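Beneath this line is the structure, given in structure tokens, with notes to follow.
Per-chain residue numbering starts at 1, and chain names A, B, C and D are given in the order in which the chains are listed.
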Amino acid sequence: MSVEATLLDAVLAALLLWLGWRALASADLYKAVVQFMVFGLLLALAWVRLGAPDIALAEAAIGAGLTGALLLDTLARLGAAGAADEPHPLRLTPARAGVALACLLLVALLAATVLALPADLPGLAPQALAALPASGVSNPVTATLLNYRAWDTLLEIGVVLLAVLGVWILDAEPALPRPAPDPMLGLLLRVVLPLSVVTGGYLLWVGSHAPGGAFQGAALLAAGGVLWHLAQPLRLSASLPARAAVVAGFAVFLAVGIATAVLGAGLLTLPPAHAGALILLIEAVAMVSIALIMVALFAGRAPTTVDGRQ
Amino acid sequence: MTAGPGWLVAVVTLPLAGAVVALLAGRRGGAAAGLLTSLLVTAAVCGLTSAVLAAGPQQLAVGGWALPLGIALRADGLAAAMLLLSALVGSGISLYAWRYFAASHHAAGALFWPVWLLLWGALNALYVSGDIFNLYVTLELLGLAAVALIALAGASVVAAALRYLLYALLGSMLYLLGVVLLYAEFGTLDLLQLQAAMRPGLAPALAATLMTVGLMVKTAVFPLHFWLPAAHAGAPAPVSAALSGLVVKAGFYLLLRLWLELYAALPAALLVQTLLAALGAAAVLWGGVQALRQVRLKPLIAYSTVAQIGYLMLALPLAAAAPAALPAVVLLAASHASAKAAMFFCAGTLLAAYGHDRIAALRGFATQLPVTAAAFALAAVSLVGLPLSGGFVGKFLLVETAVGAGAWWIVAVVLAGSLLAAAYLFAALAPAFGSAAASEAAQRRAAAWLPQYAALGMALLSIALGLAGPGAQALLAVTFDAGALR
Amino acid sequence: MSGWLPLALIGSSLLPGLLIFALPERRRGLRSALNLAGAGLKLLLVALLLADAERHAEAQWRLPLAAGLELVLRVDALSLLFLTLSALLWALTTVYAIGYLEGSPHRSRFFGFFSLCVAATTGIALAGNLFTLFVFYEILTLVTYPLVVHRGTPAALAAGRSYLLYTMPAGALLLVAVAGLQVLAGPQDFTPGGYLAALGEAHAVALTALFAALIAGFGVKAALVPLHGWLPRAMVAPAPVTALLHAVAVVKAGAFGIVRVVHEVYGSAFAASLGVLTPLAVVAALTIVWGSWRALAQDELKKRLAYSTVSQVAYIVLGTALLGPLAAIGALVHLVHQGLMKITLFFAAGNYAETLGVHLVSQMDGIGRRMPWTTLAFTVGALGMIGVPATAGFVSKMHLGAGALAAGQGWVLGVLALSSLLNAMYFLPILHRAWFRPARGPWPGAYGGVVRDGPDAAPLLLLPLLATGASALVVGVFAGLAWSPLDWSAHIVLTIWGYGDD
Amino acid sequence: MSVALLYGLVGVALAGMGLYTALAARHLLRRLLGFNVLGAGVFMLLIALGARATGAAGRADPVTHAMVLTGIVVAVSATALALALLRRMHASEGSARLPEDRAP
């Protein structure tokens, strides 16, 4: 690696540590969250530096973007009093000494371990690359997510689904206040929404051979959806269409799995000939579902729901 | 595709498919889907178990990719036993929940079924997963499902649910750190390959510590149990049954896998096993005393879970040496699961009937709800370990192995624990047979019969497990041989 | 071959019990029918066994619970002895109980547990190994608790609590002991002369400790001093329960367990070589004296009888603890005799309470004239307890005494004499009051002053009493005949245990 | 010191401070921030260790990338559920802290 590269890395590392700490330690939670989002963007940069552009995209869109937005909007719901925290939220008190000590010990041991680990273990890269031709896609990360370790991803989409089911169960009141539709916002929407749809779709498409994929695309779609929600609040109650929409991605993925098990070579064993198409199908549906779920995490359940509360 | 792997696929996919259907079907249809799925899953598990008994351990490479690139699903005797336990108790929970949520006031009740089936799917996936990262995903699925189910109880338990979620996250994060280290050291995520390659070293040691602590948080091993009582006591009755009966068992199961298989070769293994057993001993005593101090029924049952988890941990140092210890543990786990389900069912029925669960004010409910009283009493018999019940046979085998190994402290703790259990369950049950103080015991609402018989069924199951000893021993003799990969 | 027999014997009281639970309170007739049918069936089966004991000698049923852990039920002469006693007394007590509980609440629950209690006792009688014996012993604890607390009064609940307080730890102790023997000797059936001698001196210490644990465990139900505390309190239970508890079910189960342990697990010779028998004998002797001594002070009739039980059951233990055939025979025969006499006494006490509301000895003046039949039966029982010649008690005490001499333990004679003296001191005054003193004023009356008119207790209460009283008399007078309990005990000791040879 | 190692150590440090915050902080939103930073640290450690051989094998280990993508999505789901719970608790109990962390 070249010197300036390591210099850049050193600066980036220092910034990450500083921002990470600010994001945790700032007494004002609003500041903390904003710093967390900036931290996320820097993190994305670090991912690029580590040759992980897929993660960089996901981090920027989901880690920084969506998580940050959720945090901010919860802060808004808590109100000034609820959002207030003590001036020195992490100050070291006798009560916390044990925790601090444990964390320090962990850091020391982890650091020692990292330094002690073998310097050049290729991990599973060789196998992953060798199997790529039969995977139906040319982006090894997508191949891993949707083929080699598709079982993980299926269950992971289940986790996402659970998040929205939980929110529905909690009957969380719509997260954002409903402002009068703002013409300016509407205008913005007319530009952004198509844009987010197009870029989302594009990311999904390139995911097969270049950085990108369902999750990144979904995040972009969701961004559009959230804007829309801002413009004129969406009513994502647990109605049948909504339930069908959020479960579709999981259902299609599972259906493919079962079909391959019953008709084909085994659970989630995609026939190389059709692997590419199947993966695209799964990702397309999953993207829409996940995007809707992410919007639903904001919109929560609208007033008119199964039970007439609110 | 031979029969065995077919059953494996069915076992992991059926609950997930059921969840999809239940979510689409809405309130009434959801219940139907849930009950049907329970039936099918149970059938599939029975199929898998018989395959394991007949043809030995079953393995399936998901996606057809060779290890270590792909993920392997494996079912040995232990996994099959846990699957069977989940299927039996899970079916009972579905049966109980049917009337419970049909009658229940909260509208979100319709969402019970998809979430409950996702939880069941997570359990099954966890029990057969052969991949430490896949296990992380199943743990998260399990944790979020559990939290969502607790939330069904409404505003009163939100804090408990939040605490539960935080510590579930903490647990899985620590576990994930361990996974990272193992992968960096050995370049594989497959349990058996890791077990074969396991060697002393800084990374494996740290990974072992992190994973163990993480799982201890999830299993509520003393002293990391503090999050459990409020959550288990506050959740809706069928959910409490699922949490106490099944969810904590998943963490315990992984601790078994870690210290009887993955890390068994490490020089410190016996030390850790003994340490875990010591914590178990503390849990037995602490949980018992706390249960004794409760004035309400559900917290009492929840604290008894803390104690019972301790019981299971006690067998760890014995299991390595004595083959009889593992069947003992599984019998104890199974009879605890079914007995606990029965007790929470009863508590739910009483809560519905009397509008409260203050033990002192439940005088004479044996006369008004004889079936519930009988169910609770039988469950108590098994939990205390009185003959002839699953709890008894498990306890006897445990004591026998402990005596054989000269581990008298374990014997002492087991006996002290069962006397404590006898004490607090007696305290919970004695009012039932007392003459009813009419004003106090006036039943507010009539109790439906189906939930009561579901409770009785669970209680009878935990008694009948007393005859399961030979079966358990035969099943648990079926194991994978990691040495073959070495 | 006839493995179904043991199961049928247990089922004959288990199934009625379970069915009765399901019965609504008011189905009195059906409930009684079930009870009597069960009792009758059991008697029939026992008769079948007695008819040709040889053919069924091998009747056994095994159920593996885990590797090296078996439930074994089988019929041998000793189990048959205990079985016959319990079957007979259950039948009589059932009749008595039907009459006694006339119109009292929760009868389904009562009779259900009552039958389960007998099923457990049957299991104890048939247990073919120590583990099985332990299992049914614990089940017995479990199913007798609801009977003790049946009345639900604070006193009853307190009695139940103390009952569990004694029996639960005892169960824990037994668990360890049984597990310990499993580890040392492996799974073993009861064998005449014991099966531990093979282990020899190597494990002497462990075996001694385990013996102590076993005796303590069984001693609680056998009410050996100082483990007897629960028994006098438990007499708050309804009379039929106390009768059965004292005569066959609980107390006898403890004594029976000790007999099995000494003769068929350790073997009395090996036990003696371990030096554990003399201490046991001393404990038994202390119990005998202490029980009688405490009985003296009791004015409440049932309490006095309860303490007398403490003392009388210890005779069985004493005989078991003495080496040699005569003492062993004395112990076994007393197992039966004490049962017959004691159940007679408790039935009588129950009759006094139910008919006239008499609970205290001091209220019994002239009761002999008011209730002649009951008092007659009571007299038979009392004289037997004292050990007046030609009564059942005399037969047992005589064998015990002779056995003590044979075993070279002369001091035991002193104990027997002293206890007989004490027995006389707390029974004769009662008889004197009952027969020779005039009644003083009106009787207190049961349930707030109700005094049953008519010569004696209600027929359902009187007939069983007369039956037991008569049999208590017969077994004493005709002890010499074949098939008498004495003859039978001798058969067990001399032929099966083979103690006659040495 | 190689880039991978540098970022690995950064990940370790982030994990440490995140864990401390998750355990020590009282305000639940801050604790959630802690969990997210902890996660970021763990993910970074994983990628860095996967990238150790980047020089040699040419391509980074895609399996670690897939694992981290999974982890990120799981993390946001958990955070969203936790935030929904937090909003509900604040609505009903008027506090954004767990009962044991509330000022007496």
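Just so we're on the same page, contacts are C-beta pairs under 8 Å (C-beta built on N, C-alpha and C of every residue); 3 or more make two chains touch, one makes a residue touch a chain.
All values derive from a computational prediction rather than experimental measurement.
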{"item": "Graph distance between subunit B and subunit D, where chains that touch are linked", "value": "1"}
{"item": "Core chain by centroid distance, with centroids computed from Cα atoms only", "value": "B"}
{"item": "Remotest chain, subunit C as reference, centres from CA atoms", "value": "A"}
{"item": "Centre-to-centre distance between subunit D and subunit A (centres being mean Cα positions), rounded to whole Å", "value": "12"}
{"item": "Whole-Å gap separating subunit A and subunit C, where each centre is the average of the chain's CA atoms", "value": "74"}
{"item": "Subunit B-subunit C separation of Cα centroids, rounded to whole Å", "value": "44"}
{"item": "Length of the line joining the C-alpha centres of subunit A and subunit B, rounded to whole Å", "value": "31"}
{"item": "Residue list for subunit A, restricted to those that touch at least two other chains", "value": "110, 117-118, 121-124, 128, 148-149, 152, 156, 159, 162-163, 166, 170-171"}
{"item": "Residues within subunit B bordering two or more other chains", "value": "69, 133, 137, 140, 144, 147-148, 151, 158, 177, 183-184"}
{"item": "Category of the chain touch graph - line, ring, star, complete, other", "value": "other"}
{"item": "Complete list of chain pairs which touch one another", "value": "A-B, A-D, B-C, B-D"}
{"item": "Residues of subunit A defined as touching subunit D within the complex", "value": "1, 5-6, 9-10, 13, 16-17, 20-21, 23-25, 29, 32-33, 36, 39-40, 43, 46-47, 49-52, 54-55, 58-59, 62-63, 66-67, 70-71, 74-75, 77-78, 82-83, 85-86, 89-90, 96, 99-100, 103-104, 106-107, 110-111, 114-115, 117-126, 128-129, 140-141, 143-145, 148-149, 152-153, 156, 159-160, 162-163, 166-167, 170-173, 175, 213, 215, 290, 297, 300"}
{"item": "Of subunit C, residues touching subunit B in the complex", "value": "21, 63-67, 69, 71, 106, 134-136, 138-139, 141-142, 146, 149, 152-153, 157, 161, 164, 168-169, 171-172, 175-176, 178-180, 182-183"}
{"item": "Residues on subunit D engaged by subunit A in the complex (per definition of touch)", "value": "2-10, 12-21, 23-27, 29-30, 32-34, 36-37, 40, 43-45, 47-57, 59-70, 72-81, 83-88, 90-91, 94-96"}
{"item": "Interface residues, subunit B side, partner subunit C - complex", "value": "324, 327, 367, 374, 381, 386-388, 392-393, 395-397, 399-400, 403-404, 411, 415, 418-419, 422, 426, 430, 433-435, 466-467, 469-470, 472-473"}
{"item": "Sites on subunit B touched by subunit D in the complex", "value": "69, 133, 137, 140, 143-144, 147-148, 151, 155, 158-159, 161-163, 165-166, 169-170, 173, 176-177, 180, 183-184, 189"}
